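The letters A, B, C and D name the chains in turn, as written, and every chain counts its residues from 1.
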Amino acid sequence: MADPDVERAKEAVAGLAGVSVHTDTEAALGAPGVAAVLIASPGPAHEEALLAAFARGLPVLCEKPMVPDSGGALRIVEAEARLGRRLTQIGFMRRHDAEYRRLKALLDGGSLGRPLMLHCTHRNVSSPPGFTSAMLVNSSVSHEIDAARWLLGQELTAVTVLRPTPSSGAPAGLLDPQFVLFETDRGALVDVEVFVNCGFGYQVRCEAVCERGSARIGAEHTLVVTTGGAAREEVAQDYLVRFAAAYDREVQAWVDATRRGEVTGASAWDGYAASAVAEAGVRALEHGGRVAVALAPRPDLYATRAEVSR
Amino acid sequence: MADPDVERAKEAVAGLAGVSVHTDTEAALGAPGVAAVLIASPGPAHEEALLAAFARGLPVLCEKPMVPDSGGALRIVEAEARLGRRLTQIGFMRRHDAEYRRLKALLDGGSLGRPLMLHCTHRNVSSPPGFTSAMLVNSSVSHEIDAARWLLGQELTAVTVLRPTPSSGAPAGLLDPQFVLFETDRGALVDVEVFVNCGFGYQVRCEAVCERGSARIGAEHTLVVTTGGAAREEVAQDYLVRFAAAYDREVQAWVDATRRGEVTGASAWDGYAASAVAEAGVRALEHGGRVAVALAPRPDLYATRAEVSR
Amino acid sequence: MADPDVERAKEAVAGLAGVSVHTDTEAALGAPGVAAVLIASPGPAHEEALLAAFARGLPVLCEKPMVPDSGGALRIVEAEARLGRRLTQIGFMRRHDAEYRRLKALLDGGSLGRPLMLHCTHRNVSSPPGFTSAMLVNSSVSHEIDAARWLLGQELTAVTVLRPTPSSGAPAGLLDPQFVLFETDRGALVDVEVFVNCGFGYQVRCEAVCERGSARIGAEHTLVVTTGGAAREEVAQDYLVRFAAAYDREVQAWVDATRRGEVTGASAWDGYAASAVAEAGVRALEHGGRVAVALAPRPDLYATRAEVSR
Amino acid sequence: MADPDVERAKEAVAGLAGVSVHTDTEAALGAPGVAAVLIASPGPAHEEALLAAFARGLPVLCEKPMVPDSGGALRIVEAEARLGRRLTQIGFMRRHDAEYRRLKALLDGGSLGRPLMLHCTHRNVSSPPGFTSAMLVNSSVSHEIDAARWLLGQELTAVTVLRPTPSSGAPAGLLDPQFVLFETDRGALVDVEVFVNCGFGYQVRCEAVCERGSARIGAEHTLVVTTGGAAREEVAQDYLVRFAAAYDREVQAWVDATRRGEVTGASAWDGYAASAVAEAGVRALEHGGRVAVALAPRPDLYATRAEVSR
């Protein structure tokens, strides 16, 4: 394990056999018995760690964002393309959520016809200290960016951000909520309400409106309590409650694929596309109006839609 | 209009043209222009009023219970059978409720196969003063008695009443809630939770479990408010909210049928059967165990199941 | 009654006492006993009929759109303002729907804080012959235009229309669905999915997202049938099913208010504002981008927000 | 591992280090490194295996039924009581289900007042070959028997079984569905619809009706698809879908407790009580009427309600 904070790292691995602790990525990757790499450091540290793993041919599970700026993300794509084989899985955990997977299977099955619109809601009870207006787009909405690309199997080509008067429940100066609109390369529309200081719950919903039907996920119903003139359902307060199983499956899918010598899940191209769209989104937030997304040509390694569609 | 309380009656009809007020039923029925009779007096007064209407050949809409005791109810059935034509519609308003009608149509359509069980819930916020343990059966559950007979097109043949420890929210001495079980002449089962001091809402639900599917009504969803960690739906506090439209349709159906010279809705036989089953229910409540329902032979006037089924 | 088709009109009023049939508005309004006017003719005929009613000082219930073009609508506003008293109620029936009224009461009550966004869905199974792309905005969305103004008590100040690739289920050439965005004079956002050939149901939903909670209406739950591995709820196919009671209440509210010598419901100003916003919406649809709404100054007769807020 | 079918057992453990396969329980328990025992053999083999584990002082996770006949189950209780410490956890997995645990916490919290009734539904798509009418009670309903004792913290004191006309979807001769009623030592009522050939889904629901409110679980809402005039939700077809996580937690809770030198979950007393109640239920099914449950005195080892309540 590599962590600049050696003491915390030692505490985390206490009792696990065969684990050594390092402050340096290179030293950690060179330790005996290292067969794969999980990168969970802050985003700006990802590029170096990914390139180090590539140099040793090690499979990597990298937390999102792959690399925050699209320039760095493109360098990763190009480096992996030069290797000629995929080593990278990006940690977009919604692809591993049971509800999202059912929605994906339904859309891919084609019974509802072509998807026309996705209506998305992304609400948090409150934002952590230091959360900026840009982070609503490039951190919160980045989940919807990947989910939309994956669900639709389409690239996002333009983004518009609307800024209603901020909620008095948001910290001063934070543009919260925002309403983000994406257009796709096949004419679909994706809208996202992002509201990270809504105060009342963690709610992630998605409705796909198609030519012959609509489908929606995210209406959790568990315990319904009726008392005092009202039926009441608890709403999750935290993403860990909603997505705990998805995180587990994400890591398990990576471990399983790695053992088979394969790579699954979101690719480095997906990580790059998410960064490029998020960057365009931040520009749209700051300057108003519609901002087109310009993606570099897709290397042959990611040529098929399979990476997007799976 | 006939009412022992003349002042109240006069107030009620103030401003309506062509309405005269009487304290005496006979006088009221004999007033010029009376073409039909609506009986909304307390149950014990119904028998006399019904017979008076029969004597004049006037169609009647009679509030439930038709006649509280089954002996009196049978006299009405026999009197109408002697007339040789139906004049009576009993005011079981659930037969006119949109949800119940959809359930009825579904069951009659046969797509779900034979009904095996009905699970019913009947809850009131609180009971009025003077409400007795027997009234939970012969007043509250009488709605389910008629609804079950009508939905299933079957007669109820036995009843068992279970008495859990009463709620501390019920008036002292009132056996509330009760759990009432009916068996039918074709082997179906009907269970009813009746809880008239539940404190939290007016809730009427019915789930029909059939050979190839189940169907349920009564889960009203209107305004959902999410705040403070919970999604909250108001629950109706009053039967008028839930069944207002059914009452309107009941009276309208009677007026329309009367104009066409027809009688529709629940018949005197339905009124009699409800009284007989309720009487057996009260015996089951008082003596414990299962009590069989003994119905008189059904007169030819009510020979088909049409009256039950429609 | 005035109708250019005398035969149809005579059929409609057959059996109603004291009703005469005319082909000419003036003649109809001048008939003895006319105390109020209900205008249900096509939109282009409204202006003349409204001015004729004003000339006689008769209260009017006018179907929406009050006058299709905002110029004509403004002439009505000015004419009524010159009269110095309100005679006009516009037939926006959602203001009379039980669910909308509960949502309005909740928002006005203030417990959820300031409304930030309204997310609206407006779907029809199919559009009638001759329905144009512009009519999605100025006929279908006009309901949301009025509902949003009324629910929020705010004017709409700008509109943007997004046009996803049309559904293959829509008639050739029809831009269906559309996604319409409104901004308000106090910084709220209103988005409307309008999809008039969705094929699967008539669905009208509204979610209000506020500073301290959200509230939504339009999730009708009635009969739930579980069979063959799925729980299934019928979805209404027609606006008459969803809004039948609202239409009744609208007319009743008008009759009651007229009897009291009052005017209630949506005003001529509301009718004008709806036309002006719809016109801007059609321009936004045709030319792309954001179009500002320019309203004439509000006459003193409509000075308070009461007309909007009621 | 002990299994009479050595080949299958060898296949099951292939690739797991330090696992030896035996046909004989004694030999397996005596193998080096055995620290705990998981019994997943058919019920009749449990008694011998439990006693063998007791003889070696090994903690045991025993699948339900602990011992099918209450006589044998009581021998286990007495043997463990003689040991003077708990070694046994019974595999009632619902105690580990997230929804049941929330319901339990709510009832224990007391905000809804005393529980008066539990309404339970237990439906399977179809029963396996050889399933008998008695097994509806002693295999299927045994889950509700334990869940009711645990949720209420009360013993079940009497049972009545009602037998509607069997569904034509059930194998010939099988009394399916059944309606089972339990009374408790503090006057609560528990009713269970058990229907193991319902054909349409695996549905496990529970509604607790209390003095000041009701609470229900089991209304799974995940993907809602609206198409062709109906909103449709898939219903799970299999208990593994519904309770997969509960099974995992059950085993994990046992492993964790065992590592801490503790025993958690359902006790041998719970296993005995379940067998005794199920036996009374089968008598009630076969002979009709109400059958009282006679439990042996509870040994001090299980003296507190903690085992029931936790």
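Following the convention adopted for this analysis, contacts are C-beta pairs under 8 Å (C-beta built on N, C-alpha and C of every residue); 3 or more make two chains touch, one makes a residue touch a chain.
All figures in this text were calculated on a predicted structure; none of them were measured in a lab.
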| item | value |
| --- | --- |
| Number of hops, subunit B to subunit D, where each hop joins two touching chains | 1 |
| Intersection of contact partners for subunit A and subunit B | C, D |
| Furthest chain, CA centroid comparison against subunit D | C |
| Whole-Å separation of chain centres (CA-atom averages), subunit B against subunit C | 40 |
| Distance between the centres, which are taken as Cα means, of subunit D and subunit C, whole angstrom | 57 |
| Shared-contact residues (touching 2 or more other chains) in subunit D | 199-200, 212-214, 226-228, 234 |
| Touch list for subunit D against partner subunit A, complex | 98-99, 102-103, 106, 111-112, 212-217, 219-228, 234, 245 |
| Subunit C contact footprint on subunit A (complex, rising order) | 113-114, 116-117, 119, 162, 164-165, 167-169, 177, 179, 181, 183, 186-189, 191, 193, 195, 198-200, 209, 211-214 |
| Interface residues, subunit A side, partner subunit B - complex | 199-201, 203, 226-235, 237 |
